[in-house]
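Next up, some structures in structure tokens.
You will see two complexes here that share subunit A, one where it goes with subunit B and one where it goes with subunit C.
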Partner chain A sequence: MGTPDLTKGATAPVPAAGGSKKFALRGSGGGLSKNANRGAVVLALLFAVLLPFLFDPTSGFINDCVLALAYVVMALGLNVVVGFAGLLDLGYVAFYAVGAYSVGWFASTFYSDASVHVGVNDFLDKLPGVHLNFFLVILLAMILCAIAGVFIGLPTLRLRGDYIAIVTLAFGEIIYRFAVNGDEITPFGDAYPLTNGQQGIGPLDKPQLPFMSEPLTPLELRPWYWVALGMVAIAVLAVVMVRDSRLGRAWIALREDEVAAASMGVPLVKTKLLAYAMGAALGGMAGAFLGFFATTVNANSFKFSFSIFVLSMVILGGLGSIWGVVLGAVALSFINYWLIPDVLNTVPGKIGLDFQLDQLSFGIFGFLLVIGMVLKPEGLLPERRRKIELTEGVGTDQSLEGSRA
Partner chain B sequence: MSDEPNLKKDADPAAEPASATGTITPPPEGKKLMVVDGASKIFGGLVAVNDVSFSIPEKSIVSIIGPNGAGKTTFFNLLTGLYRPTYGTITFGGKDITGTRPDKITSLGMARTFQNIRLFGTMSALENVMVGQHARMKSGLVGSILRPPWQRKEETRVREKAREMLDYVGLRPQIVEEMAINLSYGDQRRVEIARALASEPQLLLLDEPTAGMNPSESENLTQFMRKLRDDLGISILLIEHDMKVVMGVSEYVTVLDHGEKIAEGLPKAVRADPAVVEAYLGKQG
Partner chain C sequence: MATTEVPPTAVGKPRTRRTNDALRETLSKYGLLATLVALPLYFAIHDLTGDQGDLSRLGENLVRGLSNGSIWALIAVGYTLVYGIIELINFAHGDVFMIGAFTAFSLTGTIGLTLTTGPLGLVFGLFLTLLITMVVTGSMNVMIERVAYRPLRNAPKLAPLITAVGFSFILQNVGLLWRGGSQKSVPNLIDYDNVIFHVLGVPISNGDLLAIGVTVPLVVVLTAFITKSRLGKAMRATAQDPDAARLQGINVDHTISLTFLIGGMMAGAAGLIYALYQTSVSYNMGFQAGLIAFTAAVMGGIGNLKGAVLGGLVIGVIQELADNRIGGQWVSAVVFGYLILIMVFRPQGLIGEQTREAG
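This part shows the complex of A and B:
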């Protein structure tokens, strides 16, 4: 624990945020650092918007950027559940699945017996099946995921810590089984199976954006990138707003001491379910986008490893820290989609070893996580509260019995 | 009489202290804020609270005392909804609140502090008090994201009120943004009371608020409790070990021992009650 802050005497005034970084709270910061922060954010944003012009529109790098941005939204969503509310969710893949399948259900020829067309271009208008507008599908995916999030959250309400992880883990696995065997699940008639099993659903509709003559295709990746960037902006804005609100405070209170929070008027069930719902909705948004981007829904992509991948982003970046999570997501997705397969993949071959590096991806992630936890256990850009919780043992959840006289 | 001499083990085990009931003088007539009728709490084979009836008049300060393990805090947890009574009913402000969730009870106008301070350690004093106003706020998930004008107004109002509450309990304005774990013990006690008051209670429950305080701090707190009742017109239920505080401030005292009510009445009468003396000091002779 670094050097103790000696200005903490009973009578000394509290130094300004700049003076005692370790103890300063967000929002109490001095004007200067805030302005500097704002400038940095604007510059970073400008760079992010203009980045695709530096590359070819079909460049693999832009492709990786699009994926990274989608993962940022995923990680921000999981951060609401795990980082803010302290509910360790290991079944986050469920929302990727529901989000992606929403695209299969509402924007493809999968249900060819039906004929529903809402806000789509002339080409899709003539196709059989359900074809909804891109934004409508994203919105539906978010709503469905929020509902799914509440359902997955319900059985965990009476549980704490690791036990929540076990139950959500099971849900993640159940969702995968549903995806694989969904071709035989037909609650709405034989023509409307839940999924297409191992064959997957495809091709999915190409999103048609307003003010664009042609729908988005894999041949022109820049619009995809900007859509993804817009989603990240919305997601960041939403989580920042919620964090500094009544609900955000209630989540932290609940994470630190459920009994005290309930006694202060925080309804535990509703507050926890809202965390699950918001996290799931963001997961659904990113899931639907990834579905569109991949042009097919493949049941095999909804495996447990996905949950761990996103959770690693959150933990490596800094549990509860919004910018940390953004950084963690960008870093890990680039390592996964660019550094390992594109840059270092052939290195083992060159030094005479008989394998490719991408066969080791999960080993590499595990290694990075261990290194990260040893060097910076609170994450790359730690959140102040979490850091203190880690170092001083606050919020280790005293049980009710502990308070009995 | 100073400390809490728990000399129970010295008592003759053959004697039946639980049945040694002393004077029971029912509280004065008048409007009751809270009425507990025959509340019991049984944990497996342990009867923690046994058939306790009890009432709190409006705008009064009443106390529950008893030796360690008498079931005082369990009784407290029954009142605040953390435990559901096994038997009996609890009425608050004319409403049956038996088995109601703690957060609902808080929004009905009951607030508490804890024996071992339970502030939200990594939140600032101000934020802690703002959480106390949770039940008095409306903004939800969508409101928080979209921030319509009424939501911003609410946020500003709550922040201002939190500052006022902290000022009222005597926290120096320089340290309201400080994280709770960095505050001194006395200041943490203050913040906890401010957090409870922020929920606009009609009944404030204080669980051993003077624990760990020196005599002059205890005296200050006693003064403060009277001020609270007179300023805000609320009732206060106090659990205390410090007899000086209890006798000085309470209008009415209930004594628990082994989960049962063994005496009830004015402080003077309770203090002289042989059953109470026995519960605290063990059987004499």
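This part shows the complex of A and C:
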């Protein structure tokens, strides 16, 4: 096996070269437009915060905005697993399910035999069942999802590439089956089934925010919007911080070459599991929020197509690129919830064709996916590192094929 | 930047690694077998000791499972060939199968096959239907490859995955517009439930004969084609190393198109069997079928033709056992549970793999 001197000599130049190149690029690209960039970000933030005032509080558009923001958090979570750590997760819907069911379990009258009330308003205090505070439920959902993420991640540790995709896909389908048939599973007695089967769980508690007299309702969508926006802010901040930390670099090392990363001392098991846990926690946060927002938990919403929907956001936006993923999530959810059903729906009727466009909605969606990928396979806003790889041939396909797989 | 020390334990590692590998090898071989045999064995004991008293019910499960499995086997062949050659999980493949079932369903009506058609006309008509269906789905699969995968040959690995999903959605929408959103029942042309003879007390029906009669010849011809013919050799060479194959004068693009053609044709044949055997089709059936067939391909060892067929049959039996004994609503949970166990015990599948990507 070589002496320490030999290994040092062999490995040292490679990271040094990579490092200096990266810094050089960052230096040349950043200096010129830094102030302009910062200004643009502040303006965009201001616009995002004030946007709801332009619309009616019950408008469908704000509704779609809230959904889009929740999907941004979802996509950011999946991006940690797929984009940063390079672990292709096709069962992300599992965390949506666990997150949404956390709301069903901890913030509804579903377990009416129990009586647990923590930090809720007077109205909920009198109802039977488990009722926890909104933020507590979200926190619990995140913790449960992180545990589920680690659990799902464990069998994939030895596997690579597409095999990880297969195992996570299988877990996603199994969790969907448990959601649909969970009324048959009663490990804690007949009064406490796992889920309510096809009927779903509802109504869920209306979230009570601090400093507000009334709980959130579907009639006033602005507070929902701001809560969702806050979640996005937290998620973006967390993801940016982690990406630039030791852990984030370990993920990227893992993605680029697992063997090299391991030989440089990256602990594979811990690093992979942390990626799963963080991605799952973000998914759980968004899932719980979507549960609250929908006011019911519908078992049939936890299908494989959801995983694909979120994965499309990540890939179409730009794998590994945070702003790309945000853009991809906003774009795809608006296409799905606003453009196709609301805007384009009546177009065929106007030009004399006898059908509604929403019959074609997933065909159009699929068409857009194909077009988007064929025209821009690296995504709308590709990550800087990946762009370099693609344009300059640093690690061309053949070498990547072997390493990323 | 990189100031990681060499871990002091590195010297002691190789020996433990070797014993671990030996242990893992045994565990993976027998662990997988034990997992697969567990379910039938449990029900065999259950039948023998319970009210049943004999194994006829298990035999029925087995026969029905194998018939169903032959459908999955035909679809799985398409997955495994495509994966072997371009390492893509072709998500649109299940929907190609669905279009195949729809085509077969429509063609039987167009050709004029009804419940009163005589046996000779029926065999001839179905053969014609099979041929046309296979041509339709095969050429459709080639077209999909041309439009959605070929432009992305040099793109990041996940890009064609998304276009595959996109095409899956498009095909589902085609099915939806073609036949509407509800389940459509197919006329029971072959009288699939009609028992012809018994083997060891287990009834064999028309449907089972159709499934075997279509699948076995197709698989035999396909195996011969891939192992014996020049084009088959080109396919195997491309699967092993596309660049080296190109250097040997093989037209890689044509070879890939051929692979998609074969995969699509097999899916079309599976669609015909499914339509006649299950006598109902719906626009969203391709997705579930695709997942199950994909599981079969993985179970056999993805990239491996024999493995896909074996995996399909095994999945068929598991599925039938789960459906008959545990309850229809748990079928996919059981199937996917098996998939995870196989991935844990033996990621390279039952037969082993012939792809570039190491498990």
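FYI, the second predicted complex is superposed on the first by the 348 of 405 C-alpha atoms of A that agree within 3 Å, B and C clash if a C-alpha of one lies under 4 Å from a C-alpha of the other, contacts with A are read in each partner's own complex, and residues count from 1 in each chain.
Definition applied: a residue touches a chain if its C-beta (ideal position, glycine included) is under 8 Å from a C-beta of that chain, and two chains touch if they have at least 3 such contacts.
Everything quoted here is computed from the prediction, not taken from an experiment.
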{"item": "Subunit B versus subunit C, judged by how many residues of subunit A each one touches", "value": "C"}
{"item": "First, second, both or neither for A:374, with subunit B first and subunit C second", "value": "second"}
{"item": "First (subunit B), second (subunit C), both or neither touched by A:242", "value": "first"}
{"item": "Which of subunit B and subunit C A:262 touches, first, second, both or neither", "value": "first"}
{"item": "Which of subunit B and subunit C A:278 touches, first, second, both or neither", "value": "first"}
{"item": "Which superposed partner A:213 touches (first subunit B, second subunit C, both, neither)", "value": "neither"}
{"item": "Partner chain in contact with A:316 - subunit B first, subunit C second, else both or neither", "value": "second"}
{"item": "On subunit A, the residue positions that both subunit B and subunit C contact, one per complex", "value": "264-265, 386, 398, 400, 402, 404-405"}
{"item": "Subunit B to subunit A touching residues, read off their complex", "value": "68-74, 77, 80, 82, 101-104, 106-107, 111-112, 114-116, 118-124, 127, 130-137, 139-141, 143-147, 151, 154-155, 158, 174-175, 177-179, 181-182, 184, 195-196, 199, 207-208, 239"}
{"item": "Contact set on subunit A toward subunit C in their complex", "value": "1, 4, 7, 11-12, 15-16, 19, 82, 88, 155-156, 158-163, 165-167, 169-171, 173-174, 177-178, 180-181, 264-265, 304, 308, 311-312, 315-316, 319, 359-360, 362-363, 365-370, 372-374, 377-378, 386, 390, 397-398, 400-402, 404-405"}
{"item": "Residue ranges of subunit A in contact with subunit B within the complex", "value": "8, 10, 13-14, 23, 25, 28, 237-238, 241-242, 245-250, 252-253, 256-257, 259-268, 274, 277-278, 384-386, 388-389, 392, 394-395, 398, 400, 402-405"}
{"item": "Residues on subunit C engaged by subunit A in the complex (per definition of touch)", "value": "1-2, 4-7, 10-11, 83, 87, 89, 91, 147-148, 151-152, 154-163, 165-170, 172-174, 176-177, 243, 287, 291, 294-295, 298, 302, 329-330, 332-333, 336-337, 339-340, 343-344, 347, 356-359"}
